[in-house]
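Across the two complexes that follow, chain A remains constant while its partner is chain B and subsequently chain C.
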Partner chain A sequence: MNTGTLGLYRPGTSPLHRARAGTKLLGLAALGLGSVFLTTWQTVTAALALVVALYAVAGLPPRTMLRQVRPMLFIVVFVAVFHVWTAGWVRAYEVLGVILLLVLAAALVTLTTPVSAMVDAVVAAAGGLRRFGVDPERLGLILMLGIRCVPLMSTLVAEVREAQSARGTRSLRAFAVPLIVRALREADAMGEALVARGVDD
Partner chain B sequence: MATPRSTSRDLALIAIFAGITFALGLVPPLYVPISPVPITAQSLSCMLTGSIIGARRGGLALLLFLVLTAIGLPLLSGGRGGIGAFMGPSAGFLIGWPIVTWLIGLLTERVGAPYRVGAGLGINALGGIVVLYLFGIGGMILRTQMTLPAALLANAPFIPGDLVKVVIAALVAKGVHSAYPGLLQQRRTAGAGATVA
Partner chain C sequence: MRVEVDHVSHVYPGPSPRRVLDDVTVELTQRRVGVIGANGSGKSTFLRLMNGLIVPDAGHVRVDGLDTAKDAREVRRRVGFCFTDPDNQIIMPTVAEDVAFGLRKAKLPKDEVAGRVDVLLRRFGLEGHAEHPAHLLSGGQKQLLALASVLITEPDLLIMDEPTTLLDLRNAAEIGRVVGELDQSVLLATHHLYLLESFDRVLVFDGGRIVADDAPGPAIAFYRELMGVA
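For the complex of A and B:
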C-alpha cells in the first residue's frame, strides 16, 4: 500500500533519513529518559542547540522546525507566565526548554522516517510482545486498515458536506449522523471483504 | 490485536472509528467571542465512539488512532501528528482518549438499547470531562510543573466547549443508533427477562 504521500515525512538523503526507524526511536526514548538530568539552563541550552543542529543536518528549514511547536503556543505562554511569576525567568526557561527539546526531537524522528518504516518498526517490536497476547500480523493488518480509512473518510466527509450544502444545513449534528451511518456501512463492507480474504472470524 | 480476539467486523469497526476520529478533526474549529481557545470537534470522538461501538472496540479504535498519529500521520486537528504530539503539555489528554472511550462504552453498554439521551449526557460528562480532565491536567502538572490551581485555570477556557460536546455527542449517538440499530444489546427489563435482539 502506498503511504508515501500521506504522512508528515519529508523525503531526504541525510544521515538521519538513512538511519533505521528503530534506532531513531530508541535514541528518542533515551533522550526522554535522559531529559530528567537536564536541570540547569546551561545543559538545557546545550541539548536544544544539539537538536537544532540535527534539524540542519536533516536539511529541514527553520520554518519547518517552528511549525512543530506552534500548536502548543497557548499553553506554553500560560506555563511561561506561571513560572516567571512564581520562580523567575531561569526556571521558566528550564521547564519550557525541556518540553521544546522533546517535542522538537520527536518531530525530527517523524519528519525523517516514512510511515511505512514506522509500521515495520512497530510490527517488529510487537514480535517481542507475543507472549502477552499481541499478534504482530494482526497488528500489521489493523494498522493497514486504519491507514486505508484515512482517505476513505476524507471522501465520505466530502460527500456528506456536499449533500449538506445542497440542503443548506450547517449544524455539526446534521453532519456527524449521516457521516457515521455511512461509515458504519463501509465497515460492514470492509468486514465482509476481510472474511472473503480468509481473515478468520 | 489482543485476547479475546476480535472478529473481522470488529477489526473493520475499530479501523473505521479511528478514521471517524480523523474526520472530526477536519471540521473547522468554532471560534466563540468570549473564549480564547477554539472549540474543535475531534474530542467529540471519545464520547461518540464509546457510545456507538462500545467499550472494547471503542477503546481499541482510539488506541489505533493514537498509534497511527504517532507513526507520522497528520490525523490530529489542524493536520498535526507524529511523536511530537505526545511530548507536549497536553499529551495527557491524548493518553486519556482510549481510556475515556472505553469507560463511556462500558457505561453505555450497561444502559443498553435503546440509547437514552439523558443517561448519555451523564455518561459523557463523567467520562469526557471529569475523567478526561484527570488525565489531561495530571499530565500537564507532570510535564509543566505547574500547581493544580494553575493547571485548572489553564484548562478552564476549554470547559464550555466540552459541555457543548457532551450534548452534541448524546444527540448524535441517539441519531446513529436510531438509523443503524443493533450495535447495543437490548436493555434487560425486570420480570420480562432478557430480550436480546
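For the complex of A and C:
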C-alpha cells in the first residue's frame, strides 16, 4: 500500500524530533509564505540544500526523502515540461525547486512529529476561535481523520481495483460506484466507532 | 453490572421498513453473556442498544439504572464497544497514539497516559509495535489494538460485536483467551460458538426475538437445531 506523502512519523531522538510541534508547524507556515521570495535559482538551491540537511539532522536516509516526492512525479514532469517550453530551464528549475522544497519540508514535519502532538498544537492554536463558536477539539479531530483516511482510502482503491481485475473490467463506472459505496459505508462505520469512543460527548 | 432491556422494539426505516427487534425483554447481570443467531437476526442491533449507539423505537434500555436514551454520555463511559472490523475503529496513525486517543478528553498528564498505554500494550503483546502504523498491523493485532483502545478508558462492561469474524482460527482463539482474562463484564456476539463454552449465559436470537436463553451447552444445541446443523 502506498501511503506516499502521508509521511508517517518515524520515531527518533534528533533535535527535530524533540522540537515542539507548534514550532515546526509555524516554521513550515513561514517557509510557505517566504517561498514567494525565492525568485532566483541560487536562493532556491540554498533553501533546498537546507531542507536536505535537515533530513540528515533528523537521521532520515535519502531513500525516505525521495519516497516523499515520488507520488508527485507526474506533476513534476508536467510542470517541468510546461515551464521549459514557456519560460526556459532556469525558470522551470526555480518553480519545481520551490514545489519540491515545500513538499519535502511538510513531509519532514510529519516524519518527525507524532500526529497527536500535531493535533495538540492545532487545538492549542485554535483555542482563540472558541469565542466564534469553533470547537478546537473538532478541528483536531478533522485533522486526525484526514490523516487516518489516506491509508483507508488507499486500501479501498486497491481492493476495488483487484475486484475489477478479477472480473476483467476496466470501466470507470465499475471502479467509481463500488469505491464510493464502500467509502460511504466506511465513513458510517467510522462515525459509529467515534460515537462509541465518546468523541461526540 | 446490571443491564435491563425492557420491551424493546426497533425498526430500520426505508422503502420497506424492517423490524429488527421485536418486544425484547431481558435482564443481564452475569459477567459473561454470549449472543448468537443467524445474520440479520437482531444481534448487532441488540448490542448497539447497550451503549446508546441505537436508541430503541419502543421500550427502554438501562445500564446500572441509567437510561441509554437520556444518559448516553454516562452510559458510554461505562460501556466500551468493540466492532467486527477493527479498521473502522482505529483513528490514530500509530498504535500507541490510537490507544491513548480515548484519554484525550480526560486531560491526564502525559506520563500517566504513556504509562497506561504501555501497560495495555504489554498485556496484549503489542509493546514492540507502539510506534508502528496501526493500519499495517495484522488482522489479529488490529483487533487486539481495538480492544486495548477501548479498555484504556476502563469501562465496566465490554460489548463485542463479532470480533473474531474476520480472523483466522489462531487469532480468534487468542481473542477468546484475552476476553476470558478480562476483569470487565463482557457481552459477546459471535459465530465462533466455541468461544462461548465457558460463558455464564447465552442468548439465541431469531427474527428479532430471543428464542432461547440458557447456559452455553443447551443454548448452542438449540441454535444448531434451529439452523438445521445439529
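The working rule: the second predicted complex is superposed on the first by the 129 of 201 C-alpha atoms of A that agree within 3 Å, B and C clash if a C-alpha of one lies under 4 Å from a C-alpha of the other, contacts with A are read in each partner's own complex, and residues count from 1 in each chain.
By definition in this document, a residue touches a chain if its C-beta (ideal position, glycine included) is under 8 Å from a C-beta of that chain, and two chains touch if they have at least 3 such contacts.
Since the structure is predicted, the reported quantities are computational estimates derived from the model, not experimental observations.
By the touch criterion defined above, A:G168 reaches neither chain B nor chain C. In the superposition on chain A, A:P11 makes contact with chain C only, while chain B stays out of contact range.
Greater residue coverage of chain A by touch, when chain B is weighed against chain C, goes to B. In the superposed model, A:V115 lies in contact with both chain B and chain C. Contacts of A:L145 after superposition on the shared chain: both chain B and chain C are touched.
Of the two partner chains placed by superposition, chain B and chain C are both touched by A:M190.
Once the two complexes are overlaid on the shared chain, A:L179 sits against chain B while remaining clear of chain C. On chain A, the surface patch touched by chain B in one complex and by chain C in the other comprises residues 6, 8-9, 114-115, 145, 147-148, 152, 186, 190, 192, 194-195, 201. Chain C meets chain A in the complex at residues 51, 53, 73, 76-77, 80-81, 83, 85, 87-94, 97, 100-102, 104-105, 131, 133, 135-136, 149-150, 153.
Chain A meets chain B in the complex at residues 6-9, 28, 32, 68, 71-72, 74-76, 78-79, 82-83, 86, 95, 99, 102-107, 109-111, 113-115, 118-119, 122, 133-135, 138-139, 141-143, 145-150, 152-154, 156-157, 172-173, 175-177, 179-181, 183-184, 186-188, 190-192, 194-195, 199-201.
If you check the complex, the residues on chain A that touch chain C are 1, 3, 6, 8-9, 11, 114-116, 137, 144-145, 147-148, 151-152, 155, 186, 189-190, 192-198, 201. Residues of chain B that touch chain A in their complex: 1-3, 5, 7-20, 22-24, 26-27, 36-37, 41, 44, 48, 52, 64-65, 67-68, 70-75, 78, 80-84, 86-90, 140, 143-147, 150, 153-154, 168, 171-172, 175-176, 179-180, 183.
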